[in-house]
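Same chain, two partners: chain A is paired with chain B first, then with chain C.
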Partner chain A sequence: MSVAGETSPPMLAIRDLQLGFRSHRGDVQALAGVSIEVGEREIVGIVGESGCGKSITALSVMGLLPEGTTRVMGGSIEFRGDDLLTLPPRERRQMRGRDIAMVFQEPMTSLNPIMPIGDQIAEPIRLHLGLKGAAVTEHALDVLDKVGIPRSRNILPDYPHQLSGGMRQRVMIAIALACNPSLIIADEPTTALDVTIQGQILDLMVEARDTFGTSILFITHDLGVVAEICDRVVVMYAGKVVETGRTDEVLSSPRHPYTQGLMRSLPSLDTRQERLETIPGSVPALFDMPRGCRFRPRCSYADDGCRRDPPVEVIGGQKVKCWKARQISGVHHA
Partner chain B sequence: MPEALLRVNELRKDFVVGPMFRRKTVQAIRGVSFVLNKGETLGLVGESGCGKSTTGRAAIRLIEPSSGSIEYDGVDLASVGARDMRRLRQDLQIIFQDPYASLDPRMTVEQILTEPLGIQKIGTSAERRERVMDIIAEVGLQAAHAARYPHEFSGGQRQRIGIARSLILNPKMIVADEPVSALDVSVQAQIINLMQDVKAKHGMSYIFISHDLSVVKHICDRVAVMYLGEVVETASRDALYEEPLHPYTKALMSAIPGRRGAQKRITLKGDIPSPASPPRGCAFHTRCPSAMAICKTTPPQAIETGGRKVACHLYN
Partner chain C sequence: MSIAAEQPAVSTSREPSFLVLLFSRGSVIAGSFLIALMVLTAVLAHWIAPFDPNALNIANRLQPPGSAAHLLGTDEFGRDVLSRVIHGARTSLAIGIAIVAFAVGIGTLIGLVTGFYNRVDMVLSRIMDGLMSFPGLVLAIAMTGVMGASSTTVVLALGIVYMPRVARIIRSAVLVVRELSYVEACFALGATRFYVLFRHVLPNVMSPIIIQATFIFSYAVLGEAALSFLGVGVPPTQPSWGNMLAEARTFIVLAWWMALFPGLAIMITVLGLNLFGDGLRDALDPKLKGR
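On to the complex of A and B.
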């Protein structure tokens, strides 16, 4: 397990990121002060349910936010010391694919359907590594081998629709790894895959970290996947980070009421429950956010004090954004 | 001794696909047999393309099986006439995965729930309305929701409407096709609890189709594991999860992410073969870590051992 993030300055530091959406019901705040760090050789998971802002966080790091409808309203995204948000577009473009690469959920919609696989892998290799001719093909075959595609030369002329879902996701990862980036952002890369294929892809991502030292920001809704591959985990709810910490600590002793509810509502494979515990209600709409703690209306610990924005409490190695965190954990101020 | 409600024997379904002159036959399910007992929840699990949804739909004749029989209440559903089938549909209902795609966007909740009563000519309009309101309350919606349209609801609420629709005729069995797969974890738990509550109250049977093995373990009494259009193993929940026999079931169990104290994951080689050209012999032999010579040539017969069934040469 990597602990580099705790000693050296983080490779990626998202600080207090605020992001607005323009909607027909006025402007809404999709991210309300999100801070996430990813260290060297670290795999960090972002978990949360639909609409919590995990994908939009990933897109802002990549600089792929839809123009016109989204606006960064504050905060910074530092990558190796540079603030990506103030970087000129040209430099940012050069960085994409070379330093930071992305793997999307659905390879079928993110690969170009009318471009052979070989050309799609060759593109970043030509662009960022400056290779030409046969050297490009050599390099492409090399990365395809690394992601475990058998007879890689044969698939170069194939189009995405000719490959299976698992193969397409391998190709996506090959493209992401092609220029040996320092950071890969993976947005639900295994969600569309079957469980036996998911295992293969997770192995592959851990291997990429172990072999090339790539850091990974892994976005998922599946706590099982987090448990399997992430060193640290960030739990998001309604546009805010509610809890962060080492994966084993957060999953074995969650401190935020939302994380606790999430863990309890999962059917367990190890113990037998008659009924599942649930979190009452549902996630509030972006244009109808409660004041103060956004989890308050669904939280069994909440009282009037929770109408104020909660502080970040540090308990052990965990950071918990909750007024009640110490009370719930039975930890008191020293 | 459990009493059988539905007995499916050697069910097959072929689809003809592809453009003219290049037609080919895909055998979506290839001789599936199982029994659903009264008051039981039977899980159908497997990966995409294994035929679990086709099996669920063919079992209540939402799609016409190509061959095989489905014994229900003394008749063979596979060969019963249209008039009788319409009457029997009262007993056989379905909940779909995507409640948004399976609710008519131009009908209010009340219209959606009243339609089955109209088709089956049940009750006066006042009685129908009362029945609809009862069901709305039972699935945890409010009376005011009756006049609203599907787009006004969240995913979890929409699935409650889908469940209400399946309950309105007091069915004997419900096929639930991935009913919680599209939902977030916290909402998924609410819907699973609701499905268990209505079953406890009405005592119907479920065929629960899912790829999520933790959910299946929570809700099912027995489980049938499918691979490439065939049932490879059937067992009680506890037997299957404690000691899976078929190599495919073993791999599936070991691949559940984040299973605490789990043994090393058995990583299967390669992809699921195309259902258009399943491998000869045992369909799983191309990926099976324990494949033997016989597996390449002879399809294994399902054998019964200790109250469970497994189709694998290792146990012959």
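On to the complex of A and C.
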């Protein structure tokens, strides 16, 4: 396992990213100071409920935020030393697919239904590598081989609907790997797949990291997936990062009340439970955020002190954004 | 891996080809028969017409159908009605095709651009709304007034009248397609907007374009006939169904055949195009597939 060394600068550093949505109620803050780092050859997971800002974080790294409705209000996204937010659009476009690639959630709809998949794999190869003719096909076959699709020459003229969901996701990963990017952002790539296929796709992503040295930013709401492949995990809640740390540490001893809640609401095969535990309440609306700690209304530890912005506590290797982190940790270990 | 080995064979054998799907519909068969009839008539007009459509024969004027070798009778100048209907097919279909090419070509382009680029959408779509708010024929008559009556004017006028409808339908289809995740995935690969629009969005809105083309064709045949009937369409020297109807109006009591046969020709063409268009729409609609 390769964890970002303290000395080498991270490949991707999102620093204090603030992002607003324009709505009829005025601007609302979707991301309130998100900081995430991804090191070389590292797989980092972002976990959180729907609407916590994980996908929008990914899209802002890609530079694919919906125009007109979203606005970056502060912070920076550094990729190998360049601030992506200040790069001219043309250079940013050329980085997409070549340096940073993305794998989407729905393998059913992420491929053009009326274009043979061979042509779709060829697109980034033609675009970024400048290959032509037979060289493109050769390269496409190579990439398909790498993602474990045998007989790949026969598959090139096939249309997406002729492939199974798992095969389609392999093709998507092949397209992402085609130009050997340094970073792949995977937005819930296994959510729409069967559990058995899910495992194969996860293995494939780890393999991509091991063989090509690709870093992966893995977005998911599934803690099981995080446990399986991520070196580090970032837990997000309501547009903020609430806890980060090494996956084994965070999952074995979660410090933030929200992470603890997530862990408790996982079904367990060891103990027979009548009902799963849930976190009371629901995620606050963007235009109705509580002051101070955003998890306060749903937190059983909260008191008046939590109305102030919580500090980042460093406990062991974990960073926790909570007033009660030390107190809870004490309780937790008792 | 067995998934890879089985999948393509299974799915290809299960799906009939599009043409089989299309021609399994009665309406498509009937429609294509009528269209083929009209197209053949137009193409072979010189050989199958028994008389010169413009040959005057005053001695034989206003003959009823079936008399003296004139199967469908003669008009007020003794011209053979059958020959004029046959040659009229050339005019109507040629003008129809030109109007379809104009309206669908430009309409598709405008639809693609307005659906994809928010910045030009506001302006171009309001212009389209403006064009649509005019009654079509009045706009066409006004244009003829400015440009003079000719086949070109008819094509331009009706093309401009039908173009906004195509633009609007393509725009709404583009609005749906541009939100699909393969479009986003394509941007994530670093493709330019122009590339995504023409390589991915355009092929995915082809079916509404094709369906619109058949309906615009039938509107165009009707529109050309209406303009010619009003005397602002094709010049009277050229036999066209609309011109024939216009001339027949004066003699409707004396010579019903002068109005009936060009009218029937218009009806058969429009019916054929609509039957074909309906069947095509159903065959291209994924929700109705397999029915």
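Assume the second predicted complex is superposed on the first by the 322 of 334 C-alpha atoms of A that agree within 3 Å, B and C clash if a C-alpha of one lies under 4 Å from a C-alpha of the other, contacts with A are read in each partner's own complex, and residues count from 1 in each chain.
By our rule, contacts are C-beta pairs under 8 Å (C-beta built on N, C-alpha and C of every residue); 3 or more make two chains touch, one makes a residue touch a chain.
All values derive from a computational prediction rather than experimental measurement.
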First, second, both or neither for A:164, with chain B first and chain C second: both
Contacts of A:94 with chain B and chain C, given as first, second, both or neither: second
Contacts of A:282 with chain B and chain C, given as first, second, both or neither: first
Chain B versus chain C as contact partner of A:227, first or second or both or neither: first
First (chain B), second (chain C), both or neither touched by A:262: first
Which superposed partner A:293 touches (first chain B, second chain C, both, neither): neither
Touching partner for A:302 - first (chain B), second (chain C), both, neither: neither
Shared chain A contacts, counted only where both chain B and chain C touch the same residue: 164, 166-167
Interface residues, chain A side, partner chain C - complex: 62, 64, 67-68, 93-98, 101-102, 104-106, 109-115, 123-124, 127-128, 148-151, 154-155, 158, 161-164, 166-167, 172, 175
Residues on chain A engaged by chain B in the complex (per definition of touch): 49-50, 164-167, 194-200, 202-203, 221-228, 251, 261-262, 265-270, 273, 275-279, 282-283
Chain C residues within the chain A interface of the complex: 1, 3-5, 7-8, 11-12, 118, 180-182, 184-192, 200, 203-204
Residue numbers on chain B that touch chain A, as the complex places them: 47-48, 154, 156, 184-190, 192-193, 196, 211, 213-215, 217-219, 241, 251-252, 255-261, 265, 267-268, 271-272
